[in-house]
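Before anything else, here's the structure in question.
Chain nomenclature is as follows: A, B, C and D, assigned in order of appearance, with residue numbering initiated at 1 for each chain independently.
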Amino acid sequence: MTDTRLKVGILGASGYTGAELVRLLVRHPGVEIALLTADRHGGKPLGDVFPHLARLALPDLSRIEEADWDGLDFVFCALPHATTQQVIAGLPERLKICDLSADFRLRDVGLYEEWYGGPHRAPALQKEAVYGLTEIYREAIAAARLVANPGCYTTTAELPLVPLLAGGLISPDGIIIDAKSGVSGAGRAEKQANLHTEVSEGIHAYGIAKHRHAPEIEQELAVAAGRPVTVTFTPHLMPMNRGILATIYVTLVGGADAEDLRVALAAKYDPEPFVHVLPAGTAPATRDVRGSNHCLIGVFADRVAGRAILLSATDNLVKGASGQAIQNMNVMCGLPETMGLEQEALFP
Amino acid sequence: MTDTRLKVGILGASGYTGAELVRLLVRHPGVEIALLTADRHGGKPLGDVFPHLARLALPDLSRIEEADWDGLDFVFCALPHATTQQVIAGLPERLKICDLSADFRLRDVGLYEEWYGGPHRAPALQKEAVYGLTEIYREAIAAARLVANPGCYTTTAELPLVPLLAGGLISPDGIIIDAKSGVSGAGRAEKQANLHTEVSEGIHAYGIAKHRHAPEIEQELAVAAGRPVTVTFTPHLMPMNRGILATIYVTLVGGADAEDLRVALAAKYDPEPFVHVLPAGTAPATRDVRGSNHCLIGVFADRVAGRAILLSATDNLVKGASGQAIQNMNVMCGLPETMGLEQEALFP
Amino acid sequence: MTDTRLKVGILGASGYTGAELVRLLVRHPGVEIALLTADRHGGKPLGDVFPHLARLALPDLSRIEEADWDGLDFVFCALPHATTQQVIAGLPERLKICDLSADFRLRDVGLYEEWYGGPHRAPALQKEAVYGLTEIYREAIAAARLVANPGCYTTTAELPLVPLLAGGLISPDGIIIDAKSGVSGAGRAEKQANLHTEVSEGIHAYGIAKHRHAPEIEQELAVAAGRPVTVTFTPHLMPMNRGILATIYVTLVGGADAEDLRVALAAKYDPEPFVHVLPAGTAPATRDVRGSNHCLIGVFADRVAGRAILLSATDNLVKGASGQAIQNMNVMCGLPETMGLEQEALFP
Amino acid sequence: MTDTRLKVGILGASGYTGAELVRLLVRHPGVEIALLTADRHGGKPLGDVFPHLARLALPDLSRIEEADWDGLDFVFCALPHATTQQVIAGLPERLKICDLSADFRLRDVGLYEEWYGGPHRAPALQKEAVYGLTEIYREAIAAARLVANPGCYTTTAELPLVPLLAGGLISPDGIIIDAKSGVSGAGRAEKQANLHTEVSEGIHAYGIAKHRHAPEIEQELAVAAGRPVTVTFTPHLMPMNRGILATIYVTLVGGADAEDLRVALAAKYDPEPFVHVLPAGTAPATRDVRGSNHCLIGVFADRVAGRAILLSATDNLVKGASGQAIQNMNVMCGLPETMGLEQEALFP
């Protein structure tokens, strides 16, 4: 019997998003992992860098230049920002790709160069790339060869905001996104700032008014609003491994109240398997999405007239990264969208 | 087409082990959850007590006296110690049962009464109950109607110790089990000792020389050793949600060295899907079994001649409770033993 | 030689703020702790409820009705909201009092009854009470007999906001306070919501648009602004023991920019021993005030024109409660304001 | 008036033990901090590397070769192992020194070279060095010029064991020390193993049967026992910032029972300000020593006849490092031994 499963490769398998792709894909019935690369660890079994993934029947880690692309149908690219453009430009054109870096998220190449501090190495590919916020761009994703998987903060913020802006229920002005993130979003790099001793028992804001996810959020909100948008975006680092909570402050327009927002979001997302609008009065908690591909959204009236508060919770490594990447692969390859992503959250 | 899936009930679904049974069983292809009881929460949807399990197609929580046993094939009993005996004694005899409480773990009814401070309410059932350490009692479990699922500490300690005692490689005397547990083992009851403020940023021992898992461990080690065993057992509470690490100090006999122990354990467990003996020099970490049904075992030579150190790690809610219970159900009902339990650990 | 130290009593010594008063006051050279009450624990030594405070030469816990007020000069009242008014009304008039509850914080008795759901039991005392935000009301505090110690969230938010409103640098409209708190703010009561398993590894908002600290914040901002103020205030619970970070979004007025705000706050607080405005570009972290009476303030320009972001960090049990209470006692009793409060933060 | 305070220098002020020395010494009435070195950060104010210590009136960080030793009376050396010997050998002979590294702890230079993998650079100084376990070597410390401050694990284990061995109440054979440490013991170096994501929510043993503190423990136990001792020592890394709990398993000799041990330890330590033997039945918790110089000791009978369990808790950065170093300085310089070390633990 022919094995009709997709043969997939994961470039950058020694980082947290790479490991999360493996965790999910090894139970995906439509996929076979055929390639794992990690340049610094070429030749090692995956279990050497991620003991929780030892004992799986997987290829050893290899160096990217040793990869045999012929046997592959699909590639996830979980490489650091900036190196990704050149790597992807060098891949065979028949390969479908989901890129988890920021390298193809900004449609405006000039904006990329401004925020990422270097020239864009693959502007032609940029034109082809589809932004992979699945619930918003599903049709384009289905037809895409290259999908730019959104950032974790951006996914969490855009899911509640895009339909409300598109529906004319909130003002594009004065949107404030106060986001709280777990530490895995910072990756596995050896940085003093991410030591347990530095992070535990505390919280602080960082990248205030200059975080790179701001232009990405603004790009998508502008599409929804039909005009440029500037947001206030403040990320915070806090002691949890996984999770993002975005608390979003918006101005109502056109006579809408908070319940109108909630109803509109519920109507948009009720058919969706992964985005859930909570009943009135219920606030989402990141613990309830830990390890799952779900996004939970709550809507509250503010005490200040004419304003509302949106709350959105995701697991930054799943819906904010590797889970949405697999969701996009499913859409790109004609597989059921939830395949391999059905796990419930791990609580407590 | 007939639905041949097992119809299972979970008694005590509002505790952490109950929730964990639901988390795992909703993805078990051979099972349909047909009953969920939680006396204090009768009539509520499960999502009211466990928001991470909302949105599943499940029956509402009911009171145990309202249960319709006719539609069920299998019952998990996740009730508090001491009430369980009467509940199980009242169930129809055709039902298969896996009990997660301590009520049927001690074969000696007198020992139960001594450690649990009250009369045993179902001594006849006790004779029938099979101790559910799957890797050790698989055959008896396959034939059992009532399985007493082992405790979390006991599972973690017995898996490395039983084969070594049975094989005559270590002395039954002087075994010391120093165990470190996460907080979910204490359940969801509202106790000051388990508040975040009390537990985080600290560690302490409790139940020193008088924890109820000691006689359970001794019962099984005595079977393996062929004579009575008294162990030193010190549990500690530490700030993590899930996980038990047992550091076990043993005396070698018969000329064995630590590597002999490791080889013997590897030979015993190599065919097993859930118990893994690590390579020499590798120590298990609880993070690598978080959310999974795996048990990881490491063996080290001590610097003290004639002694060895065993390390054993489990997730107390999975292999230490609900996962092993499902493993036992699979064995009792002729399903593949790993069915529904294939998830990898969630790290980070 | 006469012992001229103040004889102080702590009512409600078995809660976290009571314990924190003890921790600080035992090293205060101008104070002798002469009374500790805790109704449920009357007759026990303090070490029975707080082992970290065993071995101090302190009176045993007593029941409040057994208290001998004659020997006292000063009373800290760390009792639950609502019972406090009656207790304080019954104290001898010569006693000076700092109340850590919310019972005397709201000058408008009607507002108290609306938010706290019951009649005010001591409206005459309310007229006398001085709001104890030391840096703002120092003179009135020095003359007061009864000081209402501010809430933890309110202290953290008011310290940056009050001078800016008073100085006409920011608009009273559209102020958004997004606050993140550690768990000790919830006290030591046995609540499921505050178990380690429920709090660790997650974050969620609570009391959205209806937290009782909102009217208290608004009361003080209105005084500063000279007109009524309504704020947006969203508290969040996160896994740390101590600390509050308030991220505050404001609209600039009168041509001010963010640096003007920073300079104005620095000018206000430079003479202060406990409130510190950080250099431009530096964000405060709660870890840097853990265990200390300091408040750190940072000011950042927003990317949105005409807006700024204020960040304020305190330890909710020190500057947010017991530390500020001692600071107020020092002011009320003519002691050096920093006496007993000089400890640096505990990091890591 | 002449400033009679000791002028002290801290070599290696950018590590956690250096910061902890500063935190404690700035409130020490008999000391002035006159020198802070940190080679990588020479020229910076201390607040740049430790924001919680900004705003203190302290000299900037300097490079060690720029140090002016003339103005100093006392030096704390908090440098990495192996570089320390040469640095100290180069200091003026009139300076008193407390060294927090391991470089002078092992009296046997050969043993040092075996465990630390390189030649000893100052064997003459080694002869002069006094081992700084204050409660055991107080008299020698008072007369010493160079004190080798004990390791954190060793302090925690030796305080209960030394008097029992010296008193002939326990056997020198078969001592098992199972120790659990917070993360600050690993220092501030940028290591993947100490990232928040790697450490939180888990525990694992490390350095099993080969940790460098084993020979140091054995050296001191041998002195107490009057003959060579080999211990079993297993350190574990767990998610807390500060704290060590040692659970120690011992064999009783000479007819002693656990209560005899407890009484003997209590008799030894009752006069001591920092070491406390808890009442029978009470177990120490690390949270109760967090930030303080205390060591708490509990003694329990084992269920196994003839055996006992000792529990010992310290803060690894205080009694396990910087606090004990200051205690030693006080003894060496004729100051009251508790001066600067009176803070209670910070809980919660």
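Operating definition for what follows: contacts are C-beta pairs under 8 Å (C-beta built on N, C-alpha and C of every residue); 3 or more make two chains touch, one makes a residue touch a chain.
If you're wondering where the values come from, they're calculated on a predicted model, not measured in any experiment.
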Note = In contact with chain A as well as chain D, sorted by label, we have B, C
Query = With respect to inter-chain C-beta contacts, which pair, C-D or A-C, contains the greater number?
reply = A-C
Inquiry  = With centres defined by CA atoms only, which chain is the most remote from chain B?
reply    = C
Inquiry  = Taking the mean of the CA coordinates per chain, how far is chain C from chain D in Å?
reply    = 36
Request  = Round to the nearest whole Å and give the separation of the Cα centres of chain A and chain C.
outcome  = 39
Ask   = What positions in chain C touch 2 or more of the other chains?
value = 16, 183-184, 197-198, 200-201, 239-242, 285, 287, 290, 348
Key: List of chain D residues in touch with chain A within their complex   = 16, 183-184, 188, 190-192, 194-201, 239-241
Inquiry  = Please output the residues of chain A touching chain B within their complex, sorted ascending.
reply    = 16, 19, 23, 26-27, 50-53, 55-56, 183-184, 200-201, 241-242, 276, 282, 285, 287-292, 342-348
Query = Can you list the residues on chain C that touch chain A in the complex?
reply = 174, 176, 178, 180, 182, 197-198, 200-206, 208-210, 214, 230-234, 236, 238-243, 245, 247, 249, 283-287, 290, 300-304, 307, 309, 311, 313, 348
